[in-house]
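In structure tokens below, several structures.
In the two complexes below, subunit A is the common chain; its partner is subunit B in one and subunit C in the other.
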Partner chain A sequence: MRRLDFLQSDRFVGLLFIAPFVVTAIVFMVYPIAEAVRMAFFSYNPLRPDLVSYVGLNNFEFIFSDPLFWSSFSQGTIWTLLSILFQTIFGVGIALLLHRKLFGMAIFRGLLLFPYIVPTVVIALIWRWIFNPEIGVINYSLQSVGLISEPIYWLSTPTMAMASTIMLNVWKYTPFVVICVLARLQAVPLELYDAAKVDGAGAFRRFLDVTLPQLREVLIVVIVFRTIWTFNKFEEIYLLTKGGPGTSTFNLAVYSFEQSMASLRLGVGAATGVVMMIMLMIGSVVYLRVAGFGNEEKST
Partner chain B sequence: MITDKFWPAMKMAALYLLLCIVTFAVCFPLIWALSTSLKPKSEIFATPPTLIPHSTTFENYEALLSGRQQYYQSGGAGQATGPTPAQFFTRWFVNSVIVTLGSTLISIVVSTLAAYSLTRFRYWGRSAIPYFSLLGYMVPSIIFVFPLFLMMVRLELTDNLLSLVFGYVCITLPFCMWLMWAFMRSIPIEIEEAALIDGASRYQVFANVVLPTALPGIIAASIFSMIVSWNDYLFGRVFINSLDNLTLTVGVMLFFEGTHVDWGLLMAASVLMTVPMAILFMALQRHLVAGFGAGAVKG
Partner chain C sequence: MTNMDRTPSQLLLDRRGFLGGAAAVGIGAGNLFSAGSASAQSTKTGTVRVWGEPGPYGGAGVAAMNEWAQKNAPGLKFEIETIPWDGVYVKLMTDLAARRPPSLISVESPIAMQMMAEGLLLPVDDMVDKIGRDRLVEGVRWDYWGSWKGKQYVIPAHHQPHLLLVRMDIVKELGLKDPDTWDWNDLLNAAKTITQKKQNMAGFCMALGRNLCTDYHFAALLHAAGGRMFDASNKFEVVFDSPETVEALTFVKEMQPYMPKGAVEYSFLQVVDAHVTGQTAMSFYWGRTLGRAAEEAKPIFEATEAFNHARNPRTSRRSNWNDFQGWCIPAQNNPYIEEVKQALLYQQTSKEWLVKYCHSLMPNVAPTYKDIANSEELRNHPFYKSKPKTVDTYFKSSLANSSSTANELLQGVNPLAGYVHGRSILAQTVQKVVIDNQTPQQAAKWGARELEAIRRENVRLLG
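For the complex of A and B:
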């Protein structure tokens, strides 16, 4: 009977319900991250597990003196900045278009948000097909309209490969910006527009003076979030170009993957991961400041 | 009088036109993939390319679904001797379904229980856990994947679908936790108290009162979780090394190995891979805004 009483007691139920999460989080989240940090200080070849040895900061010295690390870093930065720029512009534009109560809008909204859930593998395959230099429909269309005379080698020249991965990334993740902006637009008080109309503001002025300031907050949050995620993306680049041609579309995630998978230097890959995590933490601090999570917690 | 009705109508027409152009531009890659997958081999490379196939064929879909060997045939000179990706398509599809459902089930059960506990009981650390979880969901999977792989080696789970289930729990649990926590927090506690006073046990209250109320949150979290697991490539690539145990994403990328790429087959595979997500997406539409409100968008 005493045991049953114990089971009925609220505190026990509470701990019982949180226990699976704590166990899973420790095993599958805390441990791998701790292990990744530990690996960064070891020489680690998965084919020779007997030769694991502590190497101190050697892995970090290796990456910081590796020109490929630095070019991956700068290419990743360019990739991120351009992706975010276009995602924000298209995202706000499409959200403004969709933010009207018109017949059939649900269908347009559905179709415009759809790319977000298409598997990256599928997008990469479609991209390789439509951007194929000889038989792809994009080059054919551009040539038949007369915009270009020679086929563009979308995936085999460094600049164009970068442009193609940016296009892929923008295509897939603009819906994220649209969803966020759309949700915010629905909360903009209509009186503000009426007031601006009375003051004689045109549509463009109303956008600048009313809509944009209202969107400021959500845009900052979205941009910080997307920057962190985009900077660390792996599949969006690797599946389309494998980081190539050469290493011209490497970012840090691809660099880390190639170090671990192709060169079998798991320690170096892990060290790159640690550097990425440190940058992520800096980004997160910015985010927490911006979103003011600390304040919210105090008030509840 | 005329201008009163004329200009708004013109504006409306212009708006619809703009919407149609933008939508077409955005959907074009998908439309083109669908169109290619339905064309016979002769039409795929036709100039000028046709958006709507003159003659439609389902041979690519048939080949994938029946595992028929037609991959290298169009080259003309005899068939390849080794196994071809088309033969494994249905198997990979089933594998993907298994790991997606398995990991989603675990993530949802664990996070729903945890969210209930976090919002209904008081103990040390209960306000830190959701934020810790949020941080976990920002960490890119490239950092998790190799430590987890070494863990699977030690557990002798490599090349086993179970390793992928665990891997996907690791990437879906944090945001399921965050979403369920935000959702549970918004459910008023009074109904439960009433049921408790009526003599129901905690477990009865949880099963009969809380779970039905939390269902929209559970659905939204499940759908997000399924999309993330289904779409993953990295874990499948690192954890699995036999053709039999691959998931769709990694398997279909193998269609590129070899000298000849069968674009029709590849596009059919792409379409079939997207269909389950499209169905989920339609179900998700209603929950999208609710899910977003709870901060549950992963990208």
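For the complex of A and C:
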């Protein structure tokens, strides 16, 4: 009887609804993470599956003593910080523009999502053409208007290649920031602006004292997510520069891939993934604490 | 009767006879070629996956196999899957690791030899006997394609050297010497002269990116200087940190100002592009450039000729990097082994199909068998008429200068070369010099350390 009651209860329906997510998360998230953590302590060449051996912390020792790991870390950090900085600045700016009621704005908002919707592989290949020093549209345009006389080799020097990958990342993911910020802007009470105006605040002052504080929570969340996703990003860098020239645009995701697939050291690749996970967890917690995320809710 | 005198169907009858005998004693009944029956056929169904590099020749090979399938395995369809060069290593390794290899692979000898030494390939000595052990063109041996510990694992698909492609209209215009007589200094001077005198044109182009193409281009210079990565005769000791490596790296550094600025990221396609679009007057490349120029840039095709590489002034070597590309059959998780062997045998013993294979992209893939190389049918191609010397250089005279990372200076099969290319060690060494501005000595030391790590990790293969 009690069992029948449970089957008819809201609690059971709730469990039913959540079950697909839990199963999916276990299969596609929890298990792979657990397997990666396990593999980080083993030596495993995929071509020799019969020769798997426990190596303790050797894989971690390997990566921490590998200069390429550290340069990948620092390059990945630069790529992440600059990408997030520009995405945030452009995202907030564009969202403020789109917040105005102008004719055709709905169409423009739709178009803005285009970079975010198109698959990364397509975008990266298109950008390779765009960046092509001889036939790319950027050099052609800049030369046409007389801004440059010699073609710029966008992907051929370490600095330019890093700048180009950041440009691609900013172009593709700024719309995500725009959507989040725009959604929040539309929920800001207009009375706050009216009151500020009555108090004599100009447009810039209203932005600083009304808009930004209202955006604070959403920006904290957006920055955390974008940081995690960008720091882990593999496909854009790999498809655009393959980590080159040299290893100048390697980040830890590319490093992990190279160790796993090119060097056939799956254990080292997994150890890199574990280190990345720990770094991001620590970084996210510290950032959320420093930014004071959720403090307002607690205080109310 | 030699094997080449037989038709493919006669060879198949031999196979059927063998299988018939096997079936009679209750062995191999699953092979499905029933004994002595006129309608002996495989009843297997499905798609037989074949991997090949970009280009029409893999498709030409598979077309022959499908002709065999129509007659002998109507439920099977051979299908080529093209893998980009720079993705070949990753694709191969991930699919082999995932235990879903294709049933047949056409691949470059370094990777074939790695797989062979790892025990991933099927020995094919029985096929070699049927194809004919004495059929190979002069100057090559079966082991160039892949043999290990006395067994052959790879059936030749083609040989494919990269050579020095030169725009002869530019050479004549600037009064340069015959490229056939050049040593490295002449090549350097020619590149410099062209760069200085021809606006918007680089004198020379080779790949300098972190990729397979750079590995192959640099390997030719290294070998011409007499250098190697490993000493096959001395337990594969690393011998890369040498004056020869420094000499080759120094030469690359000297040539760099006369290359397109983007060369530091160039791979296969970009080097072809540079030549076919007239951005460079000279390049290192395989015959594919001419094939593409013929289709897209007729004047450049007409003006371009191929030469054996410029001599190293010290050693007089003109080493190329010859892709002894072959067909290999994954031994594990391969449900179509017998059918693949039969179909491959059919293609390998058909003059018509082998000529079609070579003609599919002239002069990129050179014939490996004498009867094909010397046949009138092969010569019946417009390129042979318009560029006989260039085609003959690719097909024949280059063989005297053959080298490969999988068989350095032809002094012994090297199963570690696949790992070297997988990690782009040679390309990274070159990039240390051309991008990071390290000295050639520093770069050679770095490369030697990386090679030593590969040797140490894979010493098991060398025993």
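In this section, the second predicted complex is superposed on the first by the 254 of 300 C-alpha atoms of A that agree within 3 Å, B and C clash if a C-alpha of one lies under 4 Å from a C-alpha of the other, contacts with A are read in each partner's own complex, and residues count from 1 in each chain.
Simple rule for what comes next: a residue touches a chain if its C-beta (ideal position, glycine included) is under 8 Å from a C-beta of that chain, and two chains touch if they have at least 3 such contacts.
Since we're looking at a predicted model, the values are computed, not measured.
Participant: Is A:Gly246 contacted by the first partner subunit B, the second partner subunit C, both or neither?
Facilitator: In the superposed model, A:Gly246 contacts subunit C only, not subunit B.
Participant: Pick one for A:Ile18: touches subunit B only (first), subunit C only (second), both, or neither.
Facilitator: The first partner, subunit B, only.
Participant: By residue count, which of the two partners contacts subunit A more extensively, subunit B or subunit C?
Facilitator: Residues of subunit A touched, subunit B against subunit C: more for B.
Participant: Quick check for you: in the superposed arrangement, does A:Pro133 touch first (subunit B), second (subunit C), both or neither?
Facilitator: The second partner, subunit C, only.
Participant: So, does A:Pro158 touch the first partner subunit B, the second partner subunit C, both, or neither?
Facilitator: In the superposed model, A:Pro158 contacts subunit C only, not subunit B.
Participant: Under the stated touch criterion, which partner chain does A:Phe234 make contact with: subunit B (first), subunit C (second), both, or neither?
Facilitator: Only subunit B is touched by A:Phe234; subunit C is not.
Participant: Under the stated touch criterion, which partner chain does A:Leu47 make contact with: subunit B (first), subunit C (second), both, or neither?
Facilitator: Only subunit C; A:Leu47 stays clear of subunit B.
Participant: Thinking of the overlay built on chain A, is A:Asn169 touched by subunit B (first), by subunit C (second), by both, or by neither?
Facilitator: Touch partners of A:Asn169: none, neither subunit B nor subunit C.
Participant: Check the residue A:Met261 against both partner chains and state whether it touches subunit B (first), subunit C (second), both, or neither.
Facilitator: In the superposition, A:Met261 contacts both subunit B and subunit C.
Participant: Once the complexes are superposed, what residues of subunit A are shared between the subunit B interface and the subunit C interface?
Facilitator: The answer is residues 46, 261 of subunit A.
Participant: In the complex of these two chains, what residues of subunit A are touching subunit C?
Facilitator: 46-49, 133-134, 151, 153, 155-158, 161, 241-248, 258, 261-264
Participant: Taking the complex as given, what residues does subunit A use to touch subunit B?
Facilitator: It comes out as residues 8, 10-11, 13-18, 20-21, 24-25, 28-29, 31-33, 35-36, 39, 46, 94, 97, 100, 102, 106, 108, 110-123, 125-127, 129-130, 135, 137, 140, 144, 171, 173, 176, 179-180, 183, 225-226, 228-229, 232-235, 239, 253, 256-257, 260-261, 266, 269-270, 273, 276-277, 280, 283-284, 293, 297, 300.
Participant: Spell out the part of subunit B that touches subunit A in their complex, as residue ranges.
Facilitator: Contact set of subunit B toward subunit A: 12, 15-16, 18-19, 22-23, 26-27, 29-30, 32-33, 36, 45, 47-49, 106, 109-111, 113-114, 116-118, 120-121, 123, 127, 129, 131-133, 135-136, 138-144, 146-148, 150-151, 153, 166, 169-170, 173-174, 177, 201-203, 227, 230-231, 233-234, 238, 248-249, 252-253, 263, 266-267, 269-270, 273-274, 277-278, 280-282, 284-285, 288-289, 292-293, 297, 299.
Participant: Within their complex, state which residues of subunit C touch subunit A.
Facilitator: On the subunit C side, the touching residues are 86, 89-90, 93-94, 96-97, 118, 120, 209-211, 260-262, 264-265, 277, 279, 419, 422-424, 428, 431-432, 435-436.
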